[in-house]
Each structure stands twice: as structure tokens, then as C-alpha cells.
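Below you will find the structure I want to go over with you.
Should a chain be cited, it is by its letter among A, B, C and D, assigned in written order, with residues numbered from 1 in that chain.
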Amino acid sequence: MDYYLSVATFAALNVILALGLNLISGFCGQVSLGHAAFYGLGAYGAALCSVAGLPMGLSVAVGMMVAGAFGILTGFAALRVREDFLAIVTMGVGFLFLGAVRKQAWLGAEMGIAKIPSPLDKWGYAMLAIGGAVALLLLSLHVRRSWMGRAFGAVAQDEDAARSIGIDVSGYKIAAFFIGTAAAGLAGGIYAHMTQLIVPDAFNFVQSVTILAMVVVGGIGSTLGVVAGAVLLTLMPEMFRFINDYKLLVYGGLLLAVMRFSPEGLAGLVHRWTGRRLA
Amino acid sequence: MLEGRDLSIAFGGVRAVAGVNLRVERGELAGLIGPNGAGKTTLLRLLTGVLAPDSGSVRFEGRDVTQMPIHRRAQLGFVLTHQIVRPFRDMTVLDNVMVAAATQVTLRPWRALVSVDTRPARLRAQALLARLGIADAADKPARSVPLGYLKRMQVARALALEPRLLMLDEPLAGLNYTEAARFADLIAQLNAEGITIVLVEHNLGEVTRIARRLLVLHNGAVLAEGVPRDVMARHDVRDAYLGADQDAVAHA
Amino acid sequence: MYYVELLLVGLVWGCTYAMMALGLTLVYGLLRILHVAQATVFTLGAYVGLLVANHTGSLAAAFVAAGLAAGALGPLIYRLVYQPILDKPPFVALVASIGVLIAMEDGFRLVFGPYGLSFAKNTWFTTSLRFGGLSLNLVQIWIAIAAVVLLLLFALFATRTRAGVAWRATVSDPAIAESFGVSVSGVRHLSFFIASVLAGVAGVLVGLLNNLVEPGMGSVISYKGLAIIVLGGLGNVPGTLLASVLLGVVESFGTVYLDKVMDRDAIAFMFLIVVLMIRPQGLLGKAH
Amino acid sequence: MSLKSPSTLLVAAALAAAFAVPAAAQNIRIGFHAPLTGFAASDGKTALQGAELAVEQINAAGGVNGRKLELVVQDDQGKPDQALPLANKYIGEGLKVVISGSYSGPTRAAAGVFQNARIPYITAYAIHPDITRAGNFMFRTSFMGEVQGRAAVKLIGDSLKKRKVTLLTLNNDFGQALSAGFKEAAGKFGVQVTSEYTYAMGDRQFGSIVASVKKDDPEVLYISGYFFNGGPLVAQLRAGGVTAPIVGTEGFDTHNFISIAKDAAEGVIITTSLDRDTKLPEMRQFIDDYEKRFNVGAEMVAASTHTAVNVVAAAMRKVGADDSVKLREAIAATKDMAVATGRIGFNALGEVYKAAQIQIIKGGKFRYYAVIDDPVLLAPPTK
């Protein structure tokens, strides 16, 4: 039971991360290869507060704000550079975060932060993570229906045209980065309290790619597709423990196969087979 | 209504626009013409804020808007259309116009987040499509409709912003003779309804037909200005067009 | 003297980056693909080079074999992975490329084992030359020579040969090049071939330099290569070379003076971000 | 296998009948996780081999109390977040004891889980101090980083009689712990740390560090790190003209280090737990058997997992394999037990006490250089 609970919790955390990235990349069209950095910022922000004695709820909120604040900074970078330039800059943000944390004694450097207070039990964390995932799912569906979603769509498809019809492109990009990275911060805060230990390597480039993979395998831009992608890619390594040795091979091959045969991911497959577009 | 004062910009040492002064009066339909490489598009970009001038200023209805971002100008009613039509390709034609019709709602991202009511924007967008005669394409994805429709859709999008000044960058380009004439009529009609229009155009026949005033740009400066018939009769204007090839090379 | 040494170290690093980044920029200029999977080609080159060297004892044979193996793999990746998805949004190719990298890295581990492999005999590695207080081993010297020679050859190719002219024409406008009878597909294959040979040779050189060939040896240099081509102004060859050398030198000094602040990768990407915030189009890129 | 429902019982019975595996369910299952893929796969594989050898030897000698041992192996990829579900899975399967053949990250993450579940958890070579501090069910069969760092100071100050040291520290928990232990003890032996440079796990190019070392011109270098970065580092130092003696750690204790660094490895001295010229029969036998079984030289990582399995087996002989609380007591009572890593015992915190083996690389092989058996200096912390 414990095992299934912890897998479910990780799946929910991944849903939060992937939906956050989907808001930035899928809805608003800003490719990000550094999403794990914001997961990490949330985790570190929450961990420091919690170790300093703040209650968990407040610590997680601070983690979200820290991640969101750096998200806004990255959003400003997205105003200067676009597309491939932005992809590499965000990848750089990830490496910068990691490389700086590794050397900061007050963040525990490579040793990370340990003995983070953990006020909930396994059920508590599972419910919290699932609750967060559901909240973000509802938020994503709402954003898609709202005028914010339409404005995001305009920014994603043609920034210049969006500007010329009066859309505040900069404002929307920053909003997307803020919401998406704050969501990652939420996941980070829950993760930190649950594991009671965070180390820099948990938030590295591979983790960023993993989150991106969940988004594209699910179908970039499709909320339900991304949820499915996140759950699937969390469960897959668990189900494939019997092929332990070939895990990454299968994983890489899967990414390749999805991009090669169904670049719109699971959502694209559903569309092709049923003619219906997933929300 | 619009005033450019002493506008200049240089790219890598080449002065693309050099000390241009121009005024556009309320209600007029002005044509901005000039040979290839004369700096028309650059001037337009300076006026609309795509580029920031090295020196000079732009005033719109008495306000200095030189540093104002494009979307803010658009919200004030100073709207431009692009030379190459830029639809939101994955949206339907109707959605394209709806986004523009909702600028009051999308003005602030946070307000947009809590706004889900699409009815007012839909009604306005449908009215505009009907008016431009493209209502039949409303639910088609923009990527799949022909250029003539897209040109009209782009004007519909601009009109949805309730513009007071419309800058059209080569709206007739790519259209055949009949289409161009009809489109020019539409522009003249919009002007007659009270929208001030600046038209950058290569199609001299149509511009001279509908514009009431022409500005000729050459080598980044205003060469001539006045009533179309008089301007087109000038020798320096003719020379500028005939010698255009060399100039185009020099400014490439 | 200390600074001269740091500078030299940085230049040698810059040379390895340049060999990797030149290929990435070729591919980018032509197809707008961020070819992360180049890391795979680099690693394959290193393994083939090592196996041939350990088997035959000849480094020359090792380089030739590595160049050929890498030169075969690159165009193959283009054919099987990129070509079918060229019309898709750019992230599609990027994610596919990352997929290739992850899978192949694990493939190398399965085939060659998780332990790195070392050269049985590596005289370049064990011999060092002293100039005054400076000391460089032969691998470092060969890396500098190889980088300069290969880059010169590339310059000659691009400016003096028919294929090179066709290549440049295709970069600037594929449609026009095609109307002049250039085989765009041929040019693409050729570019992947050149990029891959450079990467393969670089792989052997880095393998010799570390005396260690490992499954994951290509990834970091490939990420940095992407940073470099962006830094240089995507698709801009001189910019790429300038950025490679600058990045090498910045890392060399940075790892000493910023030791307490951030690690080497962070220094590299910090430099990238600072430059791009000042010049969004990259060092030698053209403003839009 | 936990049999939860009649149908699984039936299936299991059918399987057992089909393959006629007698008493398969009676095997004693021991959890073992290691980084079998990812950046640390090399050490993970070695660690697994050490444990497998121990299991084979014990089973060949009749097993424990008539039952065979069986490792339940999982891959943690060296990642802390992989360790959590994995730990929960072991608990779900009802395992009574788990061994970590992994690095500090995953081991630390799993430690709390096992402590809460009251399952003895033995870490073979992860060095982070927090692991055993997770509680009384935690044990460690290898040196803590601090302790090994202190051994190196004594070696440098007393045996090599050098004063000025430059530290080249791997920037991870392993390197930082060694560096901390070294600096803390340096004063006692008159050793002075004149400079310290750090490098990252993935670094293979150390030109700027070599240049800096030449500028500082220390009498001796103390290098933490693993063979895959330490090997190139040592080679580049020698190629760059640095001649000062080099003292390394157990991270270099593998033949890979020598095959990477080649001639440059000659004369490098390391602190470790394995003496290739040992007279202790248990250690001798491990070294020989390991080489015979896997066709490669024995390594400290393998010795340490081998030790962990034997500690577990010894405890099971005393109290049986089914009660994890009793097992914990039996493991904690281990005293002066002769194993592959020497004569060991645990203190109140679950930390091992053993002598530090000092090896030197001569003629491309690890050889005896000295042994530091100083119960005061090498005493691990007790809380």
C-alpha cells in the first residue's frame, strides 16, 4: 500500500509540474528547458522556511512565491529572446540554478537540506499532491476557456500580430511564467516536506527534460493529454522495473517514437482516432 | 492626428530614414509611396513602434507615443496591419477577430483570467465578418482560407479594435486586379466612415485613385508631398521611380 | 605566467567546443534543428576510436575509423529521425533528438559497460612538452592543431568547392538553390556528414585527453555546444568559433575565480545569459 | 512474495509445481539497492557483485540456518527521488533487512523510511553523516567521510611528514565530508591547508586547477573524488608538471583508476578499507575469490557490500531472519567480526570501527603502505 501511495504521490507531483510547463509552453508558446529549476526553487524555498520553524503551509507558499518570482525574471528574459534562443536560455537557467546551489554552503551545497520537518503522513502527502494536481487541472481547463487562454493562444501563434491587435504580449508571457513556475514551486514544496531531504541533483537538466517529455508525450497544449502523459511516464519506469537494465533505452526510444509518429502526443492520437480534440 | 518629427534611424551606418517630418490630419486618407528601398516600411515601423527611432518623436492625438509599446498604441486606436497577413493560424477566422474584439477584457492578464464571457466579442466579430463579406468562412481555421479572405480578416481584426487611425502596409499586395480594386474601394469607404487611414502601397494606380494626399519617400527622406495628380507629375518623383534599381542596391 | 597558462587551457577547451559547435551550427543553419543527438555521434566516435586504437595500436587508423563511423551515424540520424518531421514545430525535432541521446547513451552503457574504457597505450597523453614554465601534453597540442586544420579545411570547402557553394546557397535560400539545380537533400546529408566527422574526431581527441571514454561523455559538451551556437548568433559560423574560444577562456578563468560561487557549467550558461540579455541576437548574429 | 489472496496462492502453487523449485518461498530475502543505471552505474555494478559473491559463498556453505539467501535487487539510479518508492516497495513486500549499495543521496532519502518501518538498513559505502543519525535501525560498514579525512591527515603529517597541503575537493557530499574531516584534524598534526579547489562530478578537464596548483606549489595534494574524475585529474596534474606527492581516498580504490591515470598513478597513496597484501584470512579470501569470480581486481566498494551481507547473515544465524527488531539488536551487537574489510564492530550510532588501510600504487597495482589503527583518531561520532 505504501508503495502505491508513494507512486501516486509522485504521479500527482509530476502532473503539477507538467501542467505548469504546459501553461508556459503549450498555452503561451514559450519553450522552456529549465522547468526543474523552479521545482528546485520551490523545494529549497519551502525547506529553508520549514527548517527555520515556519508551519508547512506557509513554507510551501513561500516556496511557490520564490519559484514564481524567479519565473517572472525568466519571463523578462523571454521578452528579450525568442524560440530557440529562449529554449537555450531556459536550459541555461537550469544549469545556473544547479551550479549555484551546488556551491552555496547555506543551501547545504551538494549535501542538500536534510531533516525538513514532515508534519503529514503518507496519506496526507498523497492527498495534498493529488489535491494540488486536481486544482491545477481545473485551473488549466479554466484558463483555456478564459480570455487569458485566448490571448495566450495569440501570443503563442504570432507575437507581432498579437501586439498589433492590442495584446500586452510581455504581460502575458510574464503571467504564464509566473503561474507555471509557481505551480512547479508548489510541487517542490510538497516534495521537500515529503522526502525531508532535498539535494541539487534532483532538479537537474534530466529532470527538466523529463517534465518536458511528459508534456510532449501527452500532447503539448492539451490539458488532459498532459495529465495522461505525466501519469504514464511516472508509472512506466515502475511498471518496467523488470526491464530495469533497459529502462532509459526504452524511455529515450519512446520519446523518439512519439515525436516521430505522433508529434501531437497522446492528444493527437485521440484526435486522429475519434476525431475529438482533448481539452 | 499623427505627427512624426525629425525621425531618423540608421542600420550599420546606412541612414534608412533621415529626418522625416510628416503630419496626418484627422479624417484623411494619405498614401505613402516610394520606390523599393526608399524607407517606406522602415518609416512605418518607426511610426507604429516596431522600431525605436535614433532621434525624433511620434505624436498621436497630441500625445508623445515614441516610447509607447505597440499594444498600448493599438489600445489607443492607432492600429496597423502587416504587409504579409499574419493570422493566428490555428484559430478559426471568427476567433481571430474575436481576440481583437476583446481588447478591453484582455487589457490586463489578471482580468482576462477571470473573464469567460465570449458573447459580446462574438457578436461584434460576427458583425464585422458579415460586413467584410467573409462570414461564410467564420468557422474555418485561418490556415486554410485563401489570401483574399485573410486580407479582409486582417482588416476586420483591425476594425475590431475601433481604430481612429489605421496604418495599412501594402494591403493590395498579392491581390489580382479586380480584388485590388474592390479592396481599395473598401478602404475608401472605411475612410468615408471617419477612420483616418495611412496607406503604404506599391499599387500606384489604386493609391492615386483613392488617396487624397500623397507622400513620396526617397532615400529615406520626403521627396514630394501633395495632391496625387500633382505629385505624380513631378520629374523628380518619376526619376526616383525609374532610377529605383540602383538605389535599391545602394540601400540593401 | 599563471594567466598565460589559464588562457592556454581555455583555448584548448575552446578548440574542443569549436569542433563540436561548428557541426551544430551547420545543421542549425540548414534545418533550424537543435541537434542535441550530436553528443551520440561524438561518443560513438570516441568508442570506435578507442576500440580500433587498442586493437591495431594505430592512432591514425583510430581517427579514420572514428570519422567514418561518426560520419555514417550522423546522416543516418537525419534520415531516420529528422527528415520525416522537418515540417513540424521546432520542439518536435528537439525532443526527438533528446530521445535519441537518452536511448543511445544507455545503449553505449549496455554495449560497452558502465565503466569507462581507457586507451591501452596513450603516448600523447603521457608525453608532455615544456615551454619555460608551461607544460602541455601532446593531446592538448594535437587538439589545437586538429581544430585549426579542420576548421581551415572547412573554410576552404565552403568557399572553394562546388559542394561548398551549393551548401552556402542552400543555407541562404533552399528554394532558390533547388531551382538552380542544387540537390537540397544531398546538401543536408553532406552537412550531417561533415558535422558528424568533426564530432567523431573531437570524440577521439577528448577520449585521449581524458584517457577515458564513457557512455555519457557527450552530453555536457553537446549542451555547451548548443549554448555556443546560440551565443555566436544561431547559424553564424564565425560567431560560433568566436563563442567557442570565448567560452573556453571564460570557463578557464571562471573555475578559478568563481570557485566558491558556481560550478563550471553554471559559469558557461551565466556567460550565455548575460551576453544574450545585452545582445539578444548573439555575438555576431544580425538584429532582426 | 507476499501472498494476499487465494488466487495468487493458487498461481504461486501452480508455478512452484511447474518448475519444481523446492522451498523457493523459504529463501531469506534481503533488499539490495544500487545505482545500476545512470552516472554511478559503475560503482553500482561493483557493489552488486560484492553482495552477490557474499550470497553465493554463504549459500554454497549451506545458507543461514538451512535457508538460502536471496538478494532482491532494485536500481535507484543514484537518485534520491527513486529511493522513496523503492524503499516503500521493500516494506510492502515484507522484507526484514535492506542493504544500500548506493551513494549518499538515495541512501539518505531511504534511511528515514526504513527507520520509521523499523527495518534494519545497512549502508555499504555512502558516507553522509545523516544516514546513521536517522535512527537506531541504521548501520554503516564503511568509514564516514570525516573519519577517512582524519586518517589522511595523520598519514600526511606523521608518515609523509609534509606540512603544506592543497585540497582538490570533489564538489559532492563525499568530497565535502572528506574535506571537512581533513580540515578539522589538520591542526592536530601540524598540517596546514594552504588552498582548496573544488570540481564537479562531471568534470574531466582540470587545466585551470593544474595551473593553480602549480602557482601554489604545495608539498602534498589531498584529492577526493572517484576514479572517473580523479583519474584524469591526477594524470593532468602530472602532465602539467606537478610533482608533489598525491594522497587520495577510497574513491580511487579501483583498477579503473590505474588504467585511466596510467603512469601518473604510480606513487599515489590512498586511504581505504582493503589491503591487497593482507594477512587477514577473510580479507585475503575475498580478494582472491572476487578476482576469480568476476575476472577483475577486488575493490573497496565490493568489499563493503560483501561485508554488509556477512554482517546480516551473522545476525540472522543468531536470531533468525523473521523479526526485524531482533535482527537490529543482533547487528548492533556485532563486535570484532573478521570480514572482507578487516575486523569490524559498530558503535552506539551504528557506525563502524575498523582500521584504515593505506595503499600505494606500485607497478600498476595497489600495495600495502601502512595501516592506521588508532581507535581515538578513527573513532566515529556516537551521536
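Throughout what follows, a contact is a pair of C-beta atoms (placed from the backbone, for glycine too) under 8 Å apart; a residue touches a chain by one contact, two chains touch by 3 or more.
Computed from a predicted structure; not experimentally measured.
Using mean Cα positions, find the chain sitting nearest the overall protein centre.
Most central by this criterion: A.
How many angstrom between the C-alpha centroids of chain D and chain C?
Computed from C-alpha means, the inter-chain centre distance equals 37 Å.
Nearest whole angstrom, what separates the Cα centre of chain B from the Cα centre of chain D?
Roughly 72 Å separates the two chain centres.
For chain B versus chain C, what separation do you get between their C-alpha means, in angstrom?
Spacing between the chain centres: roughly 46 Å.
What parts of chain B, by residue number, touch at least two of the other chains?
If we look for residues of chain B contacting two or more partner chains, we find none.
Which parts of chain C, given as residue numbers and ranges, touch two or more other chains?
In chain C, 106, 259, 263-265 touch at least two other chains.
Give me the residues of chain D that touch two or more other chains.
Where chain D meets two or more other chains at a single residue, that happens at 37, 171, 198, 200.
Chain contact topology under the given definition, line, ring, star, complete or other?
Chain contacts: none of line, ring, star or complete; other.
Which two-chain combinations touch?
Inter-chain contacts occur between A-B, A-C, A-D, C-D.
Which stretch or stretches of chain A touch chain B in the complex?
Against chain B, chain A makes touches at 142-143, 145-148, 150-151, 153-154, 157-158, 160-172, 175.
Residues of chain D touching chain C in their complex?
Within the complex, chain D touches chain C at residues 37, 39, 41-42, 44-45, 171, 197-200, 202-205, 207-212, 214-215, 228, 231-232, 235-236, 239-241, 256, 259-264.
If we count contacts the way the header does, which residues on chain D are in touch with chain A in the complex?
Interface residues on chain D, with respect to chain A: 36-38, 74-75, 79-81, 84-85, 88-89, 91-92, 104-105, 108-109, 112, 128, 130, 171-173, 175-176, 198, 200.
Would you pull the chain C residues touching chain A in the complex into a rising list?
28, 32, 34, 81, 84-85, 88-96, 98-107, 110, 223, 226-227, 230, 234, 259-270, 272-273, 276-277, 280, 282
Can you check the complex and tell me which residues of chain A touch chain D?
For chain A paired with chain D, touching residues are 1-3, 5-7, 10, 99, 102-103, 109-112, 114-115, 191, 194-199, 201-202, 238, 241, 244-245, 247-248.
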